[in-house]
Amino acid sequence: MGNAIRRIGVLTSGGDAPGMNAAIRAAARTCFHLGIECVGIRRGFNGLINGDDEVLNYSRVSGLTRMGGTMLYSARSAEFRTEAGIEKAVNTCKLLGLDGIVGIGGDGTFRGLHDLADHGIAVIGVPGTIDNDIACSSYTIGYDTACNTAVECIDKLQDTMQSHERCSVVEVMGHRAGHLALYVGLACGATAVLIPEKPVNFEEDVIEPIRRARLSGRTHFMIIVAEGVGSSYDVANKIKEATALDTRVTVLGHIQRGGAPSARDRVTATHMGYSAVMLLASGKTDRVVCMQDDKYIDYDITEALSMKKGLDEDKYTVMRTMIGQHNKV
Amino acid sequence: MGNAIRRIGVLTSGGDAPGMNAAIRAAARTCFHLGIECVGIRRGFNGLINGDDEVLNYSRVSGLTRMGGTMLYSARSAEFRTEAGIEKAVNTCKLLGLDGIVGIGGDGTFRGLHDLADHGIAVIGVPGTIDNDIACSSYTIGYDTACNTAVECIDKLQDTMQSHERCSVVEVMGHRAGHLALYVGLACGATAVLIPEKPVNFEEDVIEPIRRARLSGRTHFMIIVAEGVGSSYDVANKIKEATALDTRVTVLGHIQRGGAPSARDRVTATHMGYSAVMLLASGKTDRVVCMQDDKYIDYDITEALSMKKGLDEDKYTVMRTMIGQHNKV
Amino acid sequence: MGNAIRRIGVLTSGGDAPGMNAAIRAAARTCFHLGIECVGIRRGFNGLINGDDEVLNYSRVSGLTRMGGTMLYSARSAEFRTEAGIEKAVNTCKLLGLDGIVGIGGDGTFRGLHDLADHGIAVIGVPGTIDNDIACSSYTIGYDTACNTAVECIDKLQDTMQSHERCSVVEVMGHRAGHLALYVGLACGATAVLIPEKPVNFEEDVIEPIRRARLSGRTHFMIIVAEGVGSSYDVANKIKEATALDTRVTVLGHIQRGGAPSARDRVTATHMGYSAVMLLASGKTDRVVCMQDDKYIDYDITEALSMKKGLDEDKYTVMRTMIGQHNKV
Amino acid sequence: MGNAIRRIGVLTSGGDAPGMNAAIRAAARTCFHLGIECVGIRRGFNGLINGDDEVLNYSRVSGLTRMGGTMLYSARSAEFRTEAGIEKAVNTCKLLGLDGIVGIGGDGTFRGLHDLADHGIAVIGVPGTIDNDIACSSYTIGYDTACNTAVECIDKLQDTMQSHERCSVVEVMGHRAGHLALYVGLACGATAVLIPEKPVNFEEDVIEPIRRARLSGRTHFMIIVAEGVGSSYDVANKIKEATALDTRVTVLGHIQRGGAPSARDRVTATHMGYSAVMLLASGKTDRVVCMQDDKYIDYDITEALSMKKGLDEDKYTVMRTMIGQHNKV
């Protein structure tokens, strides 16, 4: 059949996430299984613009499931946001004879893929970001590893906070979304969790839980702050003022982006990389692989981008129950 | 209201799983929030028979989310399988004034809870087992930690197998179910995965994948065997005979049961412990908290016990694609 | 014999360090073995002043080798620096009948112990600090764990720096001493290491190594800065100006103080806790347990406090060789 | 000068150990710094016999400090033990123009190097083995990582043993030497440690400590057995017979050989790899790099091989004190 897929390009774009390498490997392996050639595009859409690529063979992707980062590098591309940039990218696709592109990243990546689709390139997106803030998918590659990394760091902080009877304020990733902060806060038994989705009554939501915990016998405290909430140093100062506690700030930062991926991220990435190639092979395009209700499905990219993801209100209620806080009405 | 819940017992029973402590803490904290007293029952149903219990207060359950094992101990109870044993347990419930019991464990635990329900004790089950083999729930507390532990051990094995160009045969937990073996095999990029649900054509499913990998440039190999498949030493010997590879067996064993729970297990356990108490508080009984389609719901225990859980066939197909094996018809 | 030791107090003071709990356990277990009673003094010398203590029995110290932090809490005591404070502490020793005190901490702790010795209390110090900056001992409890924690965090950072071809500037602990920074820099293959002991020629010691690495094919870079050197943000800005690299700062902070102690810290702490009690039992006082030339010995506290510890110049030379930098003359 | 070193070969031989890659990198980097070419010899002495080699450049050894295993592969060579084999190896050295060989491994590796020295090849040995059983050096590359890996596994086992009040028997590496078992036993607070260097009175050295611990309130027990002592299953059966405890065996096996090296192993390996090349560059041969009294020195290989390493009797005494056992006379 003339339209059969013979050669697929794979790229990672936007902020990197643990598991991207496993998705690359899975896409490549699925290609090999189907007799399709697989080409790695380096540095996101810049690689399409500049012809920065390498053929991926079995050995090149061997052992990748356990590797953090992305062997194809990732980048944001200003040039790709121009029509001239897109044209260059399309021309590279023609030159290399790429019948399809698998792009792993976030919403920005999907928008870029959609632009390529508009120019006749078959594309499939795979959600990869540690923030889990992609609306179409209940889970995104890298989230589990980032949560575990944050939790392991916070466990260590608990030890030294215990010794010195201090209050720890930990800033975790999440500019617009508090998914990670809430999850991590629940996991480490935080005394309070501050997220951008919920207004904070400082006295009621932070100081009172600290006081109740202290009166119940606890002598050290853990406050989790999503970075989008504002300065964690301000939070710490306000706690210190109100309670006289010795309060210390830790900004986890980029540590949360790295590390060997967890089992869950490796398996999810492998499944999604596989699904992306299977979709291209079956003639689909302009879609994104998603997890919904614990199943792997796919959405039209435009539809996916129009979705909204709210906070998990149940988890928020559970968190407030754990700290003895009645839910807001 | 005369029927209001005033005092709840919590117990862990059957094989322990990382996250059980987080579930105990969450159940206790939810009780405190609702003004209910919480009593820990030690050593599973034996604790109900023998009056082996302790009142849980805020301090006692503080810091538990990160602790592996179960502070309430776990055990199987032969005596509880007799009518006399159940009667003793019911009498202890009466003596202590327990209006409800939260039992964390597997199918055996749920059967025991149902027996108590038959005697008028309100009960709620919470699925906790590293095998993820409870039909009513897509996820069970401890599974994620066990998978990560196995994967971390296998990563280490990969290092030394690489150095010596050996073949590793790793036996992971799973007597009747291959969920963990399949998941772990996908996560670590195994060359073959043997599980009880699928018959093995040794030549086609194990030897040929090794040969194909070798011809593609790989010089060390990882074979994952669920313990229910049979002796991993036999598997190793057959590989050695067929390929002359230096083959080494590792039985991961009880290591998979321990360790600080992963973020996912802490959060799931916290949510389920919370839900169990909320169900009791709302007057429900004889039910088990479950996760289905990524949501927390609850089933009648008898209905839950009658369900069957099959292998995740999609994951099996993905695994076979990764190793270049066509799926069985 | 009238002078036999019958009751020993143990305290931890100053900044906490992983392994302090193992040292407490070892001191207590050695007491039990010798038929001596062991009393835990809480919150450092404050506990002696305020009578904040608890009798330690076998169960209380069971399982402590793996626990980070210090179960006896740690604190600095302003009051103890006054004669009135010391007198109160001495009186508590008399009241409790403490024939000796084991104090685990740094130079400040040893000075406090020496003050007690001046008042006739038998004392032995044990070096515990993650900075390894105690002159009398080549090794201090907690250093190995802190190094491993820093290295694990930096490994994670390497992953994401690789993906984005960035330069990472990591601030590690060490106000006056660069031991930890140098060790960690060697361990993670840093492109440059900045420590307070050595003046920095920024162009020659930081920028040139980055350039040489880039010309040799490396696309991401790791710069380790001891906190005593100055602002790591300044370092990052200067690198960015000189190289146009996307540069990111991570301050590891208190994470380095916590966590389950490494095997080395558990064993060293156990040995030193044991030695401290054995010294008291043999009638010694006013001494500190030290490691020198891989052996456990003890020094007079005053002599120990007068020693100076220089940088390990050999390691510095090795580090510079690794990055292709000729040693300073 | 005519005798200047221009090209050095590096090989790893015998059982692999975490840190070997860091030593390879350090040797290569030191060569580059001195303007010497560095050639990797693969698969130990077999690589010299078969001409299995690759030139190492900056990129090839970049990022190696954190990698477990050995990128040069390791093997034992039967052929090298024959005069014909040695001759082939010497001829390869001549063909490749190798002015010196750095060999990383154990006593067998050093014997092989000495044979090459007898044929006029300059050689330096570096001690790398997880057993720490090389007499000339107080420390060998890989030991610290292996100890930490064993301790982390045992910590996980403690969790599940606690839940079920069981006795764990753990077999750790060590055929002829109990260094690792004793160290690990001290680190994890074992109830008993069985090593080949000390005869065991089972009743007094195993059963009585278990009983004393039980009477002191402990309900789970950890017995560490060096593999050279005999079957850990026999040990478990005897414990079960004597105490009726539910006893479980875990054989840690090859897991102890892998994993990212610890900070200590990375630093030691880097220092030793550096020292080996510096010794060759200064005209030395037939020597082995050693650590003694916390300093890096070097010994004549023949002298090194004649040394004996005894058990650390102090640590043995500390271990027995911890479990309340009087030392043997």
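To keep things simple, chains are lettered A, B, C and D as they appear, and every chain counts its residues starting from 1.
One rule holds for everything that comes next: a contact is a pair of C-beta atoms (placed from the backbone, for glycine too) under 8 Å apart; a residue touches a chain by one contact, two chains touch by 3 or more.
As the structure is a prediction and not an experimental result, all values here were calculated from the model.
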Of all other chains, the one whose Cα centre sits farthest from subunit D: A
Distance from the mean Cα position of subunit D to that of subunit B, given in whole angstrom: 36
Averaged-CA centre spacing for the pair subunit D and subunit C, given as whole angstrom: 27
CA centroid of subunit B to CA centroid of subunit C, Å: 40
Sequence positions of subunit B contacting 2 or more other chains: 155, 158
Overall pattern in which the protein chains touch one another (line/ring/star/complete/other): ring
Chain-chain contacts as defined at top: A-B, A-C, B-D, C-D
Residue ranges of subunit B touching subunit D (in the complex, touch as defined): 12, 16, 18, 20, 67-70, 73-75, 149, 153, 155-165, 168, 219, 248-251, 253-255, 257-259
Residues of subunit C touching subunit D in the complex: 25-26, 29-30, 32-33, 57-59, 62-66, 138, 144, 147-148, 150-151, 155, 158, 183-184, 186-189, 213, 216-218, 260, 262-264, 266-267, 270-271, 274, 292-296, 314-315, 318, 321-322, 324
